[in-house]
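In the two complexes that follow, chain A is the common piece, with chain B as its partner first and chain C second.
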Partner chain A sequence: MSGAEKIQVKVTEITPLNELVTRFRFERVGGGQLPTFSGGAHTVVEMQDGGITRLNPYSLMSDPFDQSSYTISVRRDDEGRGGSLFMHQQVKLGDEMTISYPVNLFSLDLRARKHLFLAGGIGITPFLAQIKQLDVLHGHWELHYACRNHALASYADQLTDRHPNETHLYYDDQNQAIDLKNLLSGQPLGTHVYVCGPKGMIDWVRNTAAAEGWPEDCIHYEEFLAPKPGKPFEVRLAKSDKIVHVGENESLLEAIEREGVDAPYLCRGGACGQCETVVLDHEGNFVHRDHWLTDEEKAAGKRIMPCVSRFEGKSLVLDR
Partner chain B sequence: MTIQFNDETFRDDYTFNNSEWAIKRFPFPFHEDSYMYSVNMEQHRGGPEGSVYEMRFDVDEHYVSEMKDRAMVLDQDPLRCQSLPHMTLAGWDLLELIMASKSEDYPDLFELHRNGNQWRWINKPMGIDHSFTFMDETTLPYGPMEYITRQAQGDFAVLDQRDEMLWMDAGMVTTQADWSLDFDIGMNFFEWHAPVPKAHEMGIFQRALKFLLNIQQGAPARRLNWTMTVNPLLDTSPENYHKWGIQKTTLTPENIAHKQHLRVELQTFFRLPRSNALVFPIRCYLCSFQDLMTVPKWGRRLHRVIRDLPEELATYKGFIDNRPMMLDYLSQFDDGLPTSPGIWPDLETEPPLKSKLA
Partner chain C sequence: MSKFEFPKSITSRPVWGTLEVRSGEHHLMIAEAEGAEAILDIATPDLMAKTHLIYIPKGTGYAERLRALNSAQFYEGPSYEASLQRIRRVLEDTHMGLQVYLTGTEGMMGQAMSEVMTVGLPHTAIQTEHRGSVARRMQCVHCKGITEDVEVDPFVCAHCGLNLFVRDHYSRRHAAYQGVCVDAEDHGNVPEPKGIYE
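Here is the complex of A and B:
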């Protein structure tokens, strides 16, 4: 069996927050405590969507020390392959679902003297759990949260109420933007920066920090990629001796799993490296979308991350 | 099951002794007649009833005496237990993991009563009944890691995980096979493994690191490692090498049967939930050659493994000088018969030793 341990849960609360984001509360089926976790952890939610099993990662946003329930917030993506639409349209109160044990690929560096959080849009969710964790540990933190407008700024009001001095909000429709260069230069020694948001924001923070001379290991980021739809293609799995057709709206990993071939995975978002697969032969072009392989590895065409990456061309043979 | 705890020593007069029960459940580390490094990890989710794999933290007849020995080591050298400031949360994680596991796995020996953050911990073998506030260090006599590892057999390395790397940032190390926490504290995975021969070239550590970084909550792992120790010493540390190193020269053909011990480490790995750190308990089991030879399969196999072990490994494990004497002794127990696969003693199915004189 691949992936982290599983937990059977029941949906006990569905709360629409605004026109795009809905919050879901999960409690263990039959009662009982859920595992504690560390701020920044995610869970992988299994969705039985018609004939397809979707497995999407969502950051846990509840108090990591509260073992009675977990909460996640899901932003509806009308252009995506349907995972978030399934959560928004199909999931009902009282439904039983399977989620994974918490997995953390975005944990706090507990050596930090100060934690500087930079959130864009739905990227706020891991910080909600980290902030609760730091409340218990009496950690020093500051949040800069950029959104399109006030109506879409999930949890902004609560954060401002509870942490008026630590929370700073920026709204695009009011032409407000984080003054990053100044913000970074004013930080005390021992500050760690964490950024979660769209790819453009992550790149901007990493590049700006690097240009300002920040050490790489003081900058932490998390961007879950949702697999994108793409042209259908065929893949031959050499070990299992199977030819698999990858449909427009499924990922390569999902297609492999549908054929009953067990492939390792954890994050399903191109970040953790678990599903790295050896390419035995190919004629065509890779559509690499992960954060795991280096540019050289991507160019070499000997590896692929089937959770988010695709292929266009005549033939592809994988070592699975 | 109630355990009869031994009153024994691991120093000076060496009254350490394995009962027949302890010999049969000894974690013999060789699954075939030869040995080479491998990552050899498997999931740590129980095992055969009564085996050292059955419980998350094995408690055996040596528990109380081992804890006394640990207290003596710490009294003479407090630096055997260290925790860098950012590792306190991991210490609480470890305290909870051990208390919860032991109270569930050995309800007759340990009890944990939780009411919110008000906890009461009862350790019957050590006569402890202590109420404290979880996450409040001022309510414990030591830091959380030190408190609980003074009550748990084996060494504990608590590894912080940052930047795709593991860091030796806390630990309790008093029963080690010649490595020093005080020397390794703050080092990363490759740095603290630097002295191991051959394994780097084999890519063992890259693979092991990748595996360890991906150990997840709720899915612990384990492996066995081994070395040799003359006299049943728990504390074979570099700090005390001047005391125990010389004892290797006291081995003679007359005393080897009871003086030479196979030292096996049951290494387990658990992801800690609140800190996202990794704890690496290293539990040491000792068994004298004469006790091992009561299991015919182990007698045959140990001789073959030691005979064929590459020289670098015998040197690294510190018994190259004594190997000829060990082989003279062990060869008496190898009648050339084949051995069954796997580590278990198979006493019912493996034939007794064929007398070589016959």
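Here is the complex of A and C:
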């Protein structure tokens, strides 16, 4: 079986935070300790949604040193394919679920002399765990958190209460925006910047930092792409000798798994590179949506990341 | 001719690059002796207007040509050690976005590199270009003493007086190559010294 090792958990708390975001607490079935993790780690949550198995990654936001439970915060996405709706509408207190061991693709670089966190909306969650980790390590950090408005700013009040000097909030409805260029150019040498939020924000931060002369090794980002729905298409799996129909609301990876073919994955969000698959033949166009392949690789059409990318056209043959 | 092609070696041996202009609001350039030529190669008025240039002549005479580049700051230091206070102050005072360019001997570049890394810049963010003397900064593995500007192999440790072989093993922390005793077994049997790359 692909992916990280699994853990059976029970939902022990469901806390709506605002109109869009709900927090879930998981404890191990039968008690016992959960593995520790490092700030920035995520877990992949399995959801049995009708006939479909959904596997969605969520950042762990709880204290990394607390092994009694994990918490995640899920933002409801009405346009998505239903993973977040499932969490919001179907999951009940006491339910048993399967989650993966924590995997970290967004860890702190502890050589940094200062950590500069930039969060957009629900992108705040990995930072909550990292801040707890840095509290223990007495790390030097600063958070800039942009949200649509105060009501939707999950954990903002808690952050300003506990860390009034480190926390800076920006609300769209008050026309507040991060003064990024000045913020970046004022950081002491040895600062690392971390950004988590919508794609536009990540691109903005990466491009501005690069233009300001920040070394690549000091720029960290994480964006989980939820697989987007798209036109149905067919794929032939050469090794397993199967033809798989990919439905409108499932990802290529999910369709492959549904057919019982074991395919590698880790993040399921186009970030880790684990699911990279060789394209043997194709006639049509790729809809590449990952952050893994380079632009040249995407153009070459010899590789696809089935966790988030799709295909439109006549035929697609994969080496799987 | 200030450029030298180093022979291929073990992985611990540092690999030096070729300077190129990077974008950024602040630039720190440290040029030792013929390293001045590498700076003259990339200098533009625009770049130099944002540059703090430190020149360690070691008997070379590039000062006038470097001064003519009109860098934002220009400092001529008699030695690396004498320039260190200034280098440290630049590193403390400037912010992220600083670009660092080191050029000259391996010993100077190695020491400046570890200085820059202690303030938290990754070594991949520091550019280097070797120019001039191929002399090495050597650390005696026996007494740990440093001998600067070693041109021949074997050489005599300036601290403990042992006859040492010049190795390619390099310590980033000490910014020095390792020297190992050549006549430990057969005292006094020391090969005739010759140039390191001869």
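Please note the rule applied: the second predicted complex is superposed on the first by the 320 of 320 C-alpha atoms of A that agree within 3 Å, B and C clash if a C-alpha of one lies under 4 Å from a C-alpha of the other, contacts with A are read in each partner's own complex, and residues count from 1 in each chain.
The rule is simple: a contact is a pair of C-beta atoms (placed from the backbone, for glycine too) under 8 Å apart; a residue touches a chain by one contact, two chains touch by 3 or more.
Keep in mind that this is a model prediction, so the values were computed, not measured.
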| item | value |
| --- | --- |
| Partners on chain A (chain B, chain C) - clash or fit | fit |
| Chain B versus chain C as contact partner of A:F65, first or second or both or neither | first |
| Touching partner for A:E19 - first (chain B), second (chain C), both, neither | neither |
| More chain A residues in contact [chain B versus chain C] | B |
| Partner chain in contact with A:D161 - chain B first, chain C second, else both or neither | neither |
| Touching partner for A:A4 - first (chain B), second (chain C), both, neither | first |
| Partner chain(s) touched by A:Q274 [first = chain B, second = chain C, both, neither] | first |
| Which superposed partner A:P35 touches (first chain B, second chain C, both, neither) | first |
| Touched partner set for A:E283, first chain B, second chain C, both or neither | neither |
| Chain B versus chain C as contact partner of A:E296, first or second or both or neither | neither |
| First, second, both or neither for A:E79, with chain B first and chain C second | neither |
| Overlay on shared chain A, then closest C-alpha pair between chain B and chain C (Å) | 5 |
| Chain A positions touched by chain B in one structure and by chain C in the second | 111, 217 |
| Partner chain A, residues of chain B touching it in the complex | 84-87, 89, 135, 160-163, 210, 214, 216-219, 273-276 |
| Residue ranges of chain A touching chain C (in the complex, touch as defined) | 111-113, 184-191, 210-218 |
| Residues of chain A that touch chain B when the two form their complex | 4-5, 35-38, 40-41, 64-65, 101-104, 107, 109-111, 133, 136-137, 217, 266, 272-274 |
| List of chain C residues in touch with chain A within their complex | 22-26, 91, 94-99, 119-122, 124-125 |
